[in-house]
Amino acid sequence: MTKLDDFPHLNLGKRTRLHRMMYEFGPGNGTLLILPIDQGLEHGPVDFFTEHDCLNPEYQFRLAVEGGYSAIALHLGLAEKYGPKFAGKIPIVLKINGKTRIPPASEPVSPMTGSVEDAVRIGADAVGYTLYVGSPNQHLDFMQFRKVKEDAEHYGMPIIVWAYPRGSSVDGKGGRDSLYVIDYAARVSNELGADVVKLNVPVTSAKSRSMQPPPYDTLNLSTEEMVAKVVRSAGKTLVIFSGGGMVTDEEVIERARICMEQGAAGLIFGRNLWQRDWDDALKMTKTLKDILLKK
Amino acid sequence: MTKLDDFPHLNLGKRTRLHRMMYEFGPGNGTLLILPIDQGLEHGPVDFFTEHDCLNPEYQFRLAVEGGYSAIALHLGLAEKYGPKFAGKIPIVLKINGKTRIPPASEPVSPMTGSVEDAVRIGADAVGYTLYVGSPNQHLDFMQFRKVKEDAEHYGMPIIVWAYPRGSSVDGKGGRDSLYVIDYAARVSNELGADVVKLNVPVTSAKSRSMQPPPYDTLNLSTEEMVAKVVRSAGKTLVIFSGGGMVTDEEVIERARICMEQGAAGLIFGRNLWQRDWDDALKMTKTLKDILLKK
Amino acid sequence: MTKLDDFPHLNLGKRTRLHRMMYEFGPGNGTLLILPIDQGLEHGPVDFFTEHDCLNPEYQFRLAVEGGYSAIALHLGLAEKYGPKFAGKIPIVLKINGKTRIPPASEPVSPMTGSVEDAVRIGADAVGYTLYVGSPNQHLDFMQFRKVKEDAEHYGMPIIVWAYPRGSSVDGKGGRDSLYVIDYAARVSNELGADVVKLNVPVTSAKSRSMQPPPYDTLNLSTEEMVAKVVRSAGKTLVIFSGGGMVTDEEVIERARICMEQGAAGLIFGRNLWQRDWDDALKMTKTLKDILLKK
Amino acid sequence: MTKLDDFPHLNLGKRTRLHRMMYEFGPGNGTLLILPIDQGLEHGPVDFFTEHDCLNPEYQFRLAVEGGYSAIALHLGLAEKYGPKFAGKIPIVLKINGKTRIPPASEPVSPMTGSVEDAVRIGADAVGYTLYVGSPNQHLDFMQFRKVKEDAEHYGMPIIVWAYPRGSSVDGKGGRDSLYVIDYAARVSNELGADVVKLNVPVTSAKSRSMQPPPYDTLNLSTEEMVAKVVRSAGKTLVIFSGGGMVTDEEVIERARICMEQGAAGLIFGRNLWQRDWDDALKMTKTLKDILLKK
Amino acid sequence: MTKLDDFPHLNLGKRTRLHRMMYEFGPGNGTLLILPIDQGLEHGPVDFFTEHDCLNPEYQFRLAVEGGYSAIALHLGLAEKYGPKFAGKIPIVLKINGKTRIPPASEPVSPMTGSVEDAVRIGADAVGYTLYVGSPNQHLDFMQFRKVKEDAEHYGMPIIVWAYPRGSSVDGKGGRDSLYVIDYAARVSNELGADVVKLNVPVTSAKSRSMQPPPYDTLNLSTEEMVAKVVRSAGKTLVIFSGGGMVTDEEVIERARICMEQGAAGLIFGRNLWQRDWDDALKMTKTLKDILLKK
């Protein structure tokens, strides 16, 4: 398992904050289990049609605290409004850019909704930044990221990059879930200076492979092999995998197991946890923590 | 009814200014009744073709003062020119962005016409910002808003977001008055850090529902239910509802009643008030204040 | 007649400078008679093909001084090069944005050619800003104007807005000279915080009316009524009317009379004056001053 | 001949630097003979295919020094690299914007390659700025120029505007060499505050005239008359004429004679000089200096 | 061979840093042998499918140190993460802009991924900047470069320009490898103030020549002559040639020999070295160093 000691390049501020999330909170032992609640901005209220009141961010805050997560990830408005009651009880990853899904998705760029300074001001332990790798507006994205990077180095704030291949060109090269673009996104995050990168688990299909450039067009890897590959491409960037939409318990557990066995530093699962009722959510949290600690 | 005490996260400046509008002026008891006069910019003089002289902003200022409103909302030019005579007699919500309706409406963005600093300089108690949720230019809008948010936190100035779903993509997803986009807009305001959000009352129709994504396409809610839903989606953001164009007395009263019963913090009705003759306007104001105070 | 005393909101710097133009120079008694010489930039040398040497800006400077105008309006280059000889003898309105007429006119925006700081530095008594109301680039225009407004408040410099409806959308709503768009432009200037607005006299026609939105499509007003209407829409913004291209003496005088009788604060006539020979120009100037003073 | 004494408006810094170029170096007596070597950027190495080594900027530096020019005009890279050996021996006009000719020419704008501060830092006596008058990107150009103008006033640095009508709209109004657009460009330079303007000698043809607006469409002037006209339109801006591509000796001499007789302050001839062998270049330089001094 | 003594214009900081790379590290004697590892960003992980682990940047760092290179060139993320272990053992060229190859290539611009200040902060000895000469977005590129240039002069940081002709217009003028555009790119680098320029070796073909402007369309030069020509066009800018994709040993050696014999200051070969196994890579490195030192 990746340990913080393998990253001597991190400055004191980043090290202190990552240590808090990887050893003092969450499963510990150098792992990350993050609960994201940025879907309200990215997807809208469609994600909150459940029996229990997950529309109220207090639900996710309570789950993160009582479930013992490494951190909760959310935007400035939610952090400021719902965070005070839980101050000191759960680290915050301040998501500092985002967008709605209403406008066209062909040339995406995710505008700032907060800043590294905001993260410092509210006592967050990391910032989250969505990078749309391969978007026709990638140049705007890189320039926006550079300022974030500069500020993060200045303040000793860890950067978690949501590395999402998106946009019309990605669609033509195997699609957003293909190994080629996720592998590329992993490397880009390492090159640009992310501390942690959030990736999706690659999905393979004959059709997608045929659209990918060599040698990916002839690579027919298992999920385990694909996960291992993108973790290697991320290099000295800690990798956490996302959970995506709600799936069966077996699938959640299998995904977690594969990712951790293949070198991930942790998981960032949202809907697969907080769309569950309270007891079920706590139970699945416990299961995932065991997987992270390889019990 | 939403009370300011439920919002302990507000800093001292915001709290003081909101208290002035919610308790010292207007109906009181934690409610907001705001008189907007930004239509001259947004619609042009077409809105002022009445028997009485509502083209002269003094009419609205006098109505806001004598009717006992929580605040008057308007742009910098009108505030500076017509405000001095009423200084101290009525709180000002300085609208700091706006546009005319002449250019195409497919990719709207509302440029700044003032600033948070201007609001401080003229002694305003809040700024108003129009956010065109879902516009293809949403990224420019978010970036512009972030600066406003940063300044507002710095100066302790409450932000009222006019959360308007607009643009070509909105038209294709149920239209600007559909539950889906208004519900989304309510959540976005909460996520981005609005203190108060101005929403339109959703309107439903079979045709609009068919264009909305699941599960909205099969939701057939009453107006009461729709209002309650968007108020919940707004979370810890105070919700005030707009009045729209002139309707009958019964409709105005019914709309106000529904909104307040379903959890709104108040109303921001313009044309339905100042397009009336003086006595009629005062009378309707009185009726609305009773509804706000649930007498 | 509009008097400066009706504008108690003006700060000391603006008041002092406006007083100089409205009482110390020009016809006096609270009126404005401004000689513009920005046509060389806006139209090019085509406007200077006369027998006398109006191509040389000294001609206009001499006319403004000897004719006793309130001010001369021009761009920075002309002000710096031709102004020193006339320093103290004629107030300067520094036009701080402008463009040539060579590029396409469908989405106009007028870029800065100077600044409020330049106006302070050269001792000008006002800045002139062209706002293309309704242009598809209106958002860029508003944002540029906001900076001008901010600086003008800071330095106490009066702002004269050349409020010109322009661009493809305007063409489709009655055209640049229609009552609808000029009335709208007058209101916009008041909303955005102009101190003085330069408007064109509206022109009416059945065809143009049919393109305008209600109730303008059924308004059939005389020139007097249209002028009175736009002056009212400008509210607490002093209105000066432009002269346009060269017309007959009778037309010039009639236009001036109507404008002043209907509430204008003054006139800004250029080509109709400096395209005349010296003696003729002085004579017409005298005629106009009599109209302004209602002798 | 235009003399610096006719320009009392110039501040001390500008006056000192212009004096150096117009009296201490070059032909003297208030004239300017400038050797430009910015073609390597604007045209590329195609201009340097000669028997002698004009590809090496030392050739042009030596020619400027030994030929006794008023200044050499070039970009920052060449100034820094080749200038030190000739420091104090030849004034430098630092060209601060430029572009290659590879991209499309329909909407040109010339980006900054240096700054007024760079000019101060390297001891230059003027900056050169290319303004593409009439380009669809004219607004970006004007805004970029305004900053240059502001800095130049601050540092007392003379501005020489390369006033080039360019872009698709210019092509439709008679073309880049037509009297209409060059006459307009001359006026624009005077309006925006250039100290010196570089113009091309207008060329006339029946076809071009037919595309120009009145009264240019019926003006059939000789080259002498056209040169005199644009010099008048430039007003208090010193005019220098360009040489263009290599022509015969007779044409070079005739062009120089006409320009100087019709009121130019000087010449900026490049390829017609440094594309010649050394002795021939010095001889032609001598011939031009005699014309400038009207010997 | 080009020597640093031929560049007296370099300031102390640039001279010190270039001296370190040209004399203290690498082959010495005024040469440059740079190992680039920016392909992970520009091309993605496709370049790392080898038997040995070249996906791990430690491989390239070790090769650069043990092979005795002048410097290693890479982006900020890799420098910060993998550099500390090798601090002081190998100079760093910090590549400060870059992009992925996923978006369309027709109007490229390479956004900043770091800054000159970052280079100073991490102790780099030069910055690398990719300039897409001839791109339709060239104006954005030049403006971005100007800031880099300004900072580099301020901090005494050498600039190595990756001068790459790219974009739709380049394709229509002979293509990215044609003599015309590479020759032009060499000159542009000299004009804009690069200290070192990285060029590709031009490739000629009848088809490409037919698309190039005169006189290039009739120039049929050998590779030696083309290399000599672009070195001359680069003037006082040190030229280093790139290696491109993997080719045979003979081709690598031949390319190196030609470049050095025709006046290059060095080589920047990446894939042709680190795609080899360790012993082979060291052996080829030794061969290249002998060529650079002309043993």
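The first chain written gets the first letter, and so on, giving A, B, C, D and E; residue counts start at 1 in each chain.
Here, a contact is a pair of C-beta atoms (placed from the backbone, for glycine too) under 8 Å apart; a residue touches a chain by one contact, two chains touch by 3 or more.
The structure presented is a predicted model; accordingly, all values stated were derived computationally and were not measured.
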- Path length in steps (a step moves to a chain that is touched) from subunit C to subunit E: 2
- Given that subunit B and subunit C share one sequence, their CA atoms superpose after a rotation (degrees, nearest 5) of 70
- For the copies subunit C and subunit D, give the interface type as same if over half of its residue numbers appear on both sides, and as different if under half do. different
- Separation of subunit B from subunit E, taking each centre as the mean of its C-alpha atoms, in whole Å: 57
- Mind checking the centre-to-centre distance between subunit A and subunit E? Centres are C-alpha means, answer in whole Å. 35
- Query: What residues in subunit E touch two or more of the other chains?
  - Reply: none
- Message: Building nodes from the protein chains and edges from chain pairs that touch, which of line, ring, star, complete or other describes the result?
- Response: ring
- Task: Mind listing the subunit B positions that touch subunit C in their complex?
- Result: 38, 40-41, 44-46, 49, 55-57, 74-78, 80-84, 98-100, 102-104, 109-115, 118
- Message: Under the stated contact criterion, what part of subunit D meets subunit C in this complex?
- Response: 7-9, 133-136, 138-140, 142-143, 146, 149-150, 165, 167, 169-170, 173, 180-181, 183-184, 186-194, 213-216, 232-233, 235-237
